[in-house]
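Presented sequentially are two complexes of subunit A, the first with subunit B as partner and the second with subunit C.
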Partner chain A sequence: MTVFKTFLKVLNKCKFVIILYTVILLTFGAFNMTTSENSTNFVASKPDVLIINNDENVGVTKNLVEYITNNSNNVDVKNNEDAINDALFYREINYIIYIPQNYRQDILDGKNPEIEIKSTGDYQASYAEMLLSRYINIEVIYAKEIKDEDKLIEKINNTLAEQTEIEITSKLDTDSLSKATFYYNFASYSILAGAIYVICLILSSFNETKIRKRTIISSMNYKKHNRILLISNALLAIALWIFYVIISFIIVGKTMFSIQGVIYIVNSFIFTICALTIAFLIANLVNNKNAINGIVNVIALGSSFLCGAFVPVEWLPASVLKVAHILPTYWYIQTNELMKTIEKFDIESLKPVFINMGVIALFTIIFVIITNIISKRKRKIA
Partner chain B sequence: MFIHNFKYAFKTLFRNKMLIFWTFAFPIILGTFFNLAFSNIENSEKLDIINIAIIDNEDLKLDENKGIKEAFEQLSDEQNEDRLFYTQYVSEEKAKELLENDEISGYLIIEENKPKTVIKTNGINETILKYVTEQIMQTTKIVEDLATEKITKEIQSGNIKIDYQKIYQDVLDIASQDNVKIKNISNTNLSYTMIEFYTLIAMTCLYGGILGMTSINNSLANMGEVGKRTSVAPISKGKVIISSLLASYITQLIGLAILFAYTIFALKIDYGTNLPLIILLSLTGSLAGLSLGIAVATLVKSNENVKTGILIAVTMFGCFLSGMMGITMKYIVDKNIPIVNKLNPASMITDGFYSLYYYDTFDRYFFNIASLLIFSGILILISVRGLRRQKYDSI
Partner chain C sequence: MKNIIEVKNLTKEYRNLKAIDDLSFEVHEGEILGLLGPNGSGKSTTINCILSLLKFSKGSIKILGKEMKPDSYDIKKDLGVIFQEVAVFEELTVYENIDYFCGLYIKDKTTRKKYIKEAIELVGLEEFKKFYPKQLSGGLLRRLNIACGIAHKPKIIFLDEPTVAVDPQSRNSILDGIKKLRDQGATIVYTTHYMEEVEILCDRIIILDKGKVLATGTSDKLKELAKIEEKVTIEINNLQPEQIEKIKQLENVDEVNYNVGNLIITYKKGKNNLGELIEHLKKENIKYNKIYSERPTLNDVFLELTGKELRD
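After this line comes the complex of A and B, so read on.
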């Protein structure tokens, strides 16, 4: 009990760190949880387009503006050039269309006026450009033959109204699943950084030379002392894990009550245990509290950046992902990513999940073995 | 005496491994991570060639659907610069399997002369597939429309000998013309991941404050034995403090120079082309960091750990607001509560680099420089007031 009480005392001193990493997780979790409606009907992706209309908003010009507005998201940006440029740089807008003066008259005269645009060059912008090109093309073709404005508009709109039938096969609630995946991917950082940092700090407090000497001469068996320390730290890690799981239920909601939810939870548990063994390894290697801070930051940030906890996996270069195979976080995140697409749950489809978990378990065992070897050596020296 | 103290302050700072790790090595490590993680983002946001399938059934071979087939063939042509698709012609079962395994974004099936698109989920690739199919149908409609129009005109004008073949050909020509005149006037410097590296520079400038703080702590009597010894030395306090601060400012600049060299030559970060202005911004940025360090060291009456904690927390929160943990954060703050980022030194530095990179004019850049100078000036003034006339009867 003495050991456990001391443990709690030291833990109390570290509570700020735990709060810090939890706040980070919550901030980013909530940041990404902007609700978008899930639907199994087709919803066209809409680019963010801004139209600067220098012409009068009537007739064909009005019709163009309406067509683009209906097929894109309206962005509210202050009408000054700097604000617009900022919005484009930070991708709040993908595409800006500048409708020139006299556009309507030029079209009605059968001319083909040039339109200036600004584009971010990404896929949304490419799609916005497709929308604009299609409209202009149809407009110019008809304008050559039809001189009456109302008839022209009617023709254009009739043509654009041609639609194809569309069928969606997946019944998965992908939106909510990506949220859960994002949350659990990000949690890997909080678990790794939080657990390792706190556990290392606590262990290094117990390992201070004076305190260690006092423990060794006490009547308590050192095996018992170590066992209690191990159990207390495991309890701490598990408490942290339970805490993050509860938050996930609050943030993600009903998706967590599914088979995917169970796998997310089991997966994060295995990962937490792995983080625990990493913490023991580092605590055995390093005793300097300041150095621990540096090492934990490098390990946690490194794993998170390289394995896709911060940046979605599909955006990472292939070479980085290859290197990431040597980190436990990679296997943890792979399982989370799989959850987004698996629809059937049987032995065959869950095989990769089991492999990933097996690899993490293997990492755990390796860390335990290395820790034992190192601590045995250290004891001999002491 | 000035030189003497400067030399030893310099040595003390360089021998402090933890300080050097956080101010020199950590930004470089973080920059490497940024580079590894973000190097591909902007490329993956470009429109890739979309994998699709078309069901190879009897309907596809019909003459009425020749247009659709040809259009997709053209859009899947490897020679075509505007290539959009990689198209496979397969049976319906095979297409379903491909779709299930995410090997294609969707497939097109023509039944009873109507094309139908089957997709798995919503998304941009799916939207484009639907869009292109519709465009092809619309072109067909234009041709029909125009042909009808022309024929009606011919009949109305009393022409009996109508050359249907010619009209049809004319209309096809008109419909296949590319009438789109679009001129892209956007700035070429649009790489928004640069912001990450600018915040990294900002972080390094402000972290440098730890060096200044350590120097001040070493000359404060209430902060330890070294401070007591320094305080009783027969040398004016101004000399001691200014020489130690100069040492830490130079240390800070060395760290920053290493980071610049690394990001420019190894990571290929673009800071714009105006070198003197980049250096000016780095100097003022570091000065802001230094003054922040001095202010924390003087005004916070507590032990060194608390001071370091406060400095790191202020720096990291400032970097968070200027976009280090998510680039859009800077934009959200700039747009909605601009006053916050006008007071935030990390954001002034980041915004300074951003305006050099993205804008042609320098107004915004110099506004940031001025803000940084004012920020540093105020903090230094307050610190000087706090540092003067400290006396201890017993300590």
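After this line comes the complex of A and C, so read on.
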């Protein structure tokens, strides 16, 4: 009890660090909530298009102008090349369509007239180009078969008016899952940084050479003393994990009562144990309290950035993700990311989850082995 | 007298260097044994070997009649150690620190509470119980260090240079505390390179150098080893070489040194040396300011045995 009680007293001195990392997690979690809620509304945007019609505004030409006008914002710019170029440069227009002379006649003759365009090259311009291509492709195909202009216009308009019904069969609550994934991804930083910082600080106090000497010569079995310290640290890490899991229930409660929720919890538990072994390894290597802060930043922040805890994995370059494979955080985040897409839970779909968890467990074993080797070597030197 | 610690032929080698060379000695029950020697003489290495903190190359160590090993927890419960460096938790208060180290030995809460109170009283830290180590001065920290090492009431206490870099007031308090511990029945092994401390504190002294025992005995016995009986110092200005030569001719004079107005005369043996010297100075009409006589110190003994000063 003496060792455990002293452990708690030393831990009490580190409580601000735990509070700090929890506040960071909660702040980013809350920030994510607000940004995710905004993304539930979608309004289609229209490109700003200028049509310069050099043909007569009748028949198929008029129909083209009407179609483009109805599906875009029609911008009025002086019919002056300099003014047009300026408007394009300042992004007042995304796309300019120059309808050539005899466009109508060429279409009716079954030809494919060339249309000159100017574009800003952005996604709005691409959308305008898509509208134009869609119209002309349909027009050219029908014009080869239909010679009557009114019928041609009618056929084109009917085809363009056709809509495809899309039914979303997935029952996944993607918004809630995204929030949970973000929370648990970010929690990897809080767990790793919190565990390493606090455990290393506590162990550096107990392992200080002078205090260690005093403990070794005492009548308490030194192996027993170390066992108590190990259990105390494990309890601390588990308490930290339980605390973060409880917060996840508060933030994304609904998701946590699903199979995905169970996987998030199991995955974070395995990761917490791995973080604990990393903390033991570092505590064995470093005994300087001032150096611990720097090491926490390098390991926790570094792996969180490299593995996608702070930014979505899909935004990270392939080369970065390749490097991230050597870090346990990567495998932890991969499992969280999978939760956003897996709908049917069976052995086959859960296989990558088990593999990811297995890799983290393997990392844990490796860290334990390295820690043992180092501490044995240290004892020999002493 | 019962031997509490028996060290026989202890040798500790670091590659080609012998830190302890065939060292043998005993510590008697209830005594304060001083291990005296210059820095690097092997005092701390000897203590570390006795406590099984260091593996030794040869020899045997018995404490309370049993062989001392790293897992001799039945022996360790009777040992208390105070190292030169302060070994306490920065995060714990004075009381909590003593409680932790005492708790490594004493499980019973009530007994521990009583022992902690007594330890705090012994070192005079009653007013600082709730202070953190960083709030304490160097001297108070040393006292806390001692309290942490003795709170469990050990039968044998090892003190490894506990007064290094300590102010005179704290030093006196520490030395008084050690005497009290001995009076309470503890056996104490005290290592230091301060000969004054050894002289006033220790019942028996072992002089070490280069890992070897040079001499063992009480302070008076050791002083007999010095070939001088008396040392007289006189403050004289402008002493002429022929006058020094005449002093050298006096009976029992071993050596005469004159340096910066100080004349130091060492005598081999004999009585009334000081009286004869004063008479000679009168006869020669030599004026002097101050004159005093000293018995040989342990430093003289060390000088006699090794040819160098203990403070070197």
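By definition in this document, the second predicted complex is superposed on the first by the 252 of 382 C-alpha atoms of A that agree within 3 Å, B and C clash if a C-alpha of one lies under 4 Å from a C-alpha of the other, contacts with A are read in each partner's own complex, and residues count from 1 in each chain.
Here is the rule we use: a contact is a pair of C-beta atoms (placed from the backbone, for glycine too) under 8 Å apart; a residue touches a chain by one contact, two chains touch by 3 or more.
What you see is a predicted model; the values in this text were computed from it and never measured.
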Touched partner set for A:Met220, first subunit B, second subunit C, both or neither: second
Subunit B versus subunit C as contact partner of A:Ile370, first or second or both or neither: neither
More subunit A residues in contact [subunit B versus subunit C]: B
Contacts of A:Val65 with subunit B and subunit C, given as first, second, both or neither: neither
Which superposed partner A:Thr2 touches (first subunit B, second subunit C, both, neither): second
Touched partner set for A:Leu321, first subunit B, second subunit C, both or neither: neither
Subunit B versus subunit C as contact partner of A:Val10, first or second or both or neither: second
Which superposed partner A:Ile211 touches (first subunit B, second subunit C, both, neither): second
Overlap of subunit C and subunit B interfaces on subunit A (superposed complexes): none
Complex contact set, residues of subunit A against subunit C: 1-2, 5-6, 9-10, 12-13, 205, 208, 210-211, 213-221, 225
Residues of subunit C touching subunit A in the complex: 51-53, 70-71, 73-74, 76-77, 79, 81, 83, 85-92, 96, 99-101, 103-105, 148-149
Touching residues (chain side subunit A, partner subunit B) in the complex: 28, 31, 39, 42-45, 82-83, 85-92, 96, 98, 112-124, 126-127, 129-134, 136-138, 140-142, 144-146, 155, 158-160, 162-170, 172, 174, 290-291, 294, 297-298, 301-302, 305-306, 310-311, 314-317, 320, 341
Partner subunit A, residues of subunit B touching it in the complex: 18, 21-22, 26, 29-30, 33-34, 36-42, 44-48, 96, 99-100, 102, 114-124, 126-128, 130-131, 133-135, 137-138, 141-142, 145-146, 149-150, 174-175, 177-187, 190, 192, 325-328, 330-331, 334-335, 354, 358-359, 364
